[in-house]
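Heads up, the thing below is written out as structure tokens.
As written, the chain order gives the labels A, B and C, with residue 1 at the start of each chain.
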Amino acid sequence: MTGAASSARRRLSSFLLARPRLALAILLAPPLSWLGAVYLGSLASLLVQSFFTLDDYTGQVVRELTLSTYGQLLTAANLDIVLRTSAMAAAVTVAAAALGFPLASLAARHARGRMRALFYLGVLLPLWSSYLVRLYAWKLILAREGVATWFVQRLGLLGALEAVLELPVVGGPSLSASYLGMFVVFVYMWLPYMVLPVQAALERVPPSLLEASGDLGARPAATFRHVTWPLAFPGVVAGSIFTFSLTLGDYIIPGVIGQSNLFIGQAVVIHQGTAGNIPLAAAFSMVPIAIMAGYLAVARRLGAFHAL
Amino acid sequence: MRSSRALWAAASFALLFLHAPVLLILLYAFTTDAASFTFPPPGYTLRWFAVAWDRPDVWQALGLSLRVAAGATGMALALGTLLAAAVFRSRFFGREALSVLVILPIALPGIVTGIALRSGMSLAGVPFSTWTIVAGHATFCIVVVYNNVIARLRRTAWSQVEASMDLGADGFQTFRHVVLPNIATALLAGGMLAFALSFDEVIVTTFTAGPQQTLPLWMLSEVVRPRQRPVTNVVAVFVIAVTLVPILLAHRLTSGTETVAGGGK
Amino acid sequence: MSPPGHPVAVRFDGVVRRFGDVRAVDSVNLEILDGEFFTLLGPSGSGKTTCLRLIAGFERPDGGRLFLHGADSGALPPYERDVNTVFQDYALFPHMTVEQNVAYGPMIRGVPRARRRRLAMEALEQVKLAELAARKPAQLSGGQRQRVALARALVNRPRVLLLDEPLGALDLKLRQQMQVELKALQRQVGITFVYVTHDQEEALNMSDRLAVMRAGAIEQVGAPGEVYEEPRTWFVASFVGASNLLTGPVALKLMGAPGAYSVRPEKIALHQAGAEVQGGGDRAVLDGRVVEVAYLGALSRARVEIEGGATLTVVLQNADAGHRDVARMQGQPVRLSFRRDQVRALEATEGAPA
């Protein structure tokens, strides 16, 4: 570097060092303006759109602020959609917690060194693998001629499967077009999101606490109930944020492994698509945000933010 | 610590549950059955790999995915690093809010981000194209780079920066000789994770794309309306491989790195 | 104020440094002479490290002025000051070898590779670490890293070297050895050393002059002997070494004038009860009873309760006494005496026990 260029660089460095706030502003300007303009701006425009309505006759969006679009959300059919989606989200969360806790427990407490790293990767890899590939895999499995049926047949439980599929809520024409199938796929997809925070929370429990509990006379079940679970709970809540939120907003899984009854995500897609009813689509997309805002407030109270 | 067999059984089941489906796809990439997902596969063949190789739409989608991922990663690296540098040392008004803001694109359901971006872009009169896809991807990739870089920055002793300036290096020289080597692997890891994230993304892409198709968009149309199932299987295998490598590498780069400022502290 | 022919290396002129509401450095005036080994001594939070960082340039004064070799340098960035620092955590660059670390300063200045290699090796030889030049910091022990940090700072031939509690992480024996080496090094190299520590023994051992700091201000500056034997305030008397505080009627009776006095434990002689004390009028004499005695190998420390209920701490060398004799002292009536001219009248008694 030539003398002139390097001394100019030095002068610039000294200039910025003496003005830390200016340096900070320079650092923050690009990312902040991007996130602000592109992202927040888009969110704001969506929110604004939810206060407009679609004129049924002209098919144009009427740019006047009104609550009538939100009113449309309250019709029986639309409420159904919200409730259906929320119920599925809750079921998926509970199942993911039940299935994920033993795995997290093992990885946190009982595996050492290389085993623990392997467990961690074992949970991390599906998390980062392609969503669509994993979904596609289930389409394979749940197909009528696929692995699931083959497996059930080998176990001699085909009759039981048919009976389950006959059930009103859970069943459907086939596994790959039923709430049961959807439920299994959702749990599969979001399981890693539950395991990781729970594992982190469990890892933070010092073994001496469990030993102390045993020393004071508690049996394993009691120790779990009084010591392990309360300490792991924030991790479970943190994981549940993901499982709940992801289920609330998903529209692909219900579309691929579902029936004609809509989930929130699908409602958003449909309304903003050919119908061009952006206001209603926007209003629908506010529902998961509102639900999650409330959920996050409760989760924060339960200590989940320290477990994230 | 003794662990009960029930625990091991439950955990193993969960792990199996997590990995078996993808392994099955691997199996299906070799099946001779072209029309359905019969299990067990009636026969095994390699010819679908050749068929997939000859499909132009697959190559186009792959090319677009790679270009989009590269663009989004580049932007995420720049913006994420700047943000990490700003947040790391300074206390300023709204700092906590910023940490929430950067994670929002990935925390809010994809559908919300997708439709918000679409509505914002159409309001601004921006036509949907490759650029809008890149813009959407960059927005949620920033947080991945940011997390990696700031975690590494927090593990780096600040005294190194002071030592460098004390020894005669100005701010820029210090960045080049001391800071950059320290965060290099974190940048690499963040970049690779961002790449994997972008390569795989489908929801936001659906909303921000024009007539183009990225590989996930291609896969989505195949999942809904299959053309040649085995080809889809082959592409699926390919996608698994492509996203596996950066993730494993990123993991290796960010685990077990220690900072040694030299102190006996 | 500086003696003729002794230029001033560092001058603080009413320097203030604030962090929020706290004045970490509170209107400090200080002169550090060229070529001296100067120590800033004080407890944590006293402002000594902040003063050091002000000299280095990592902090800027909020008020007052800072002069380096006569030039007003408060606003200069660290890389433009002829000052180098040895950090408390050594701050070695982990991705560079020892040699590259030491050669960093020359490298930044654009010194060609062959020459800076030579400079680095010379500096490493000076700290007796030449054979480890190819290692990375992670492969070194604490003591070795410290020497590398020293070499890295010295290779630039700064006019002032700053050392921020460099020996804190080392074990006792190594610390004592390094104290000797650092002192010798300073004599050899001849530059100004500004040393920060909370260890008063270190300060007394190594310094030409030292400053005792408390709560952002300097309480006393002087040569070690001066500060130890003529403390101006109770804080200095009790921080640099240990001391007894004499106040009230007891002080009046023993010293003949009212006030607060500091008398060092080792200056008090212990006699048998009722013994006759030599030295007559120059010594103060008083009686008491040993309430507690601790055997410390080479020394013993006894707490003696005197009239009025106060206790004095006395330190004795175990020259003739063995541990059994020391143990027997417990509870015994004794007579104490000390020379009046070894007692200091204190100007301030802030922080003294009631």
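FYI, contacts are C-beta pairs under 8 Å (C-beta built on N, C-alpha and C of every residue); 3 or more make two chains touch, one makes a residue touch a chain.
None of the values given here were measured: they were computed from a predicted structure.
Contacts between chains leave no pair untouched here, as each chain touches all the others. Nearest to the overall CA centre, using the mean of each chain's CA atoms, is chain B.
With centres set at the average Cα position, the gap from chain A to chain C is 59 Å.
Chain B has its Cα centroid 16 Å from the Cα centroid of chain A. Each chain gets one centre point, the mean of its Cα atoms, and the points for chain B and chain C are 55 Å apart. Along chain A, residues 10, 13-14, 17 each make contact with two or more other chains.
Multi-chain contact residues of chain B (touching two or more other chains): 170. In chain C, 77, 79 are the positions where the chain touches two or more neighbouring chains simultaneously. Taken together, the chain C residues at the contact with chain B in this complex read 56-58, 77-79, 83-85, 87-95, 104-105, 108-109, 136-138, 140-142, 145-146, 148-149, 152-153, 156, 169-170. Those residues of chain B that touch chain C in the complex are listed here as 157, 159-160, 162-170, 173, 177-178, 181-182, 258-265. Note for the complex: chain A touches chain B at residues 9-10, 12-14, 16-17, 20, 24, 27-28, 30-32, 34-35, 38-43, 45-46, 49, 99-100, 102-103, 105-107, 109-110, 117, 119, 121-126, 128-141, 143, 145-147, 149-150, 188, 191-192, 195, 207, 245-246, 248-252, 255-256, 264-265, 268-269, 272, 278, 281-282, 285, 288-289, 292. Those residues of chain B that touch chain A in the complex are listed here as 1, 3, 7-8, 10-11, 13-15, 17-19, 21-22, 24-25, 28, 36-40, 78-80, 82-83, 85-86, 90, 92, 98, 101-102, 104-105, 107-113, 115-121, 123, 135, 138-139, 142, 170-172, 193, 196-197, 199-200, 202-203, 216, 219-220, 222-224, 232, 236, 239-240, 243-244, 247-248, 251, 255. Residues of chain A touching chain C in their complex: 10, 13-14, 17-18.
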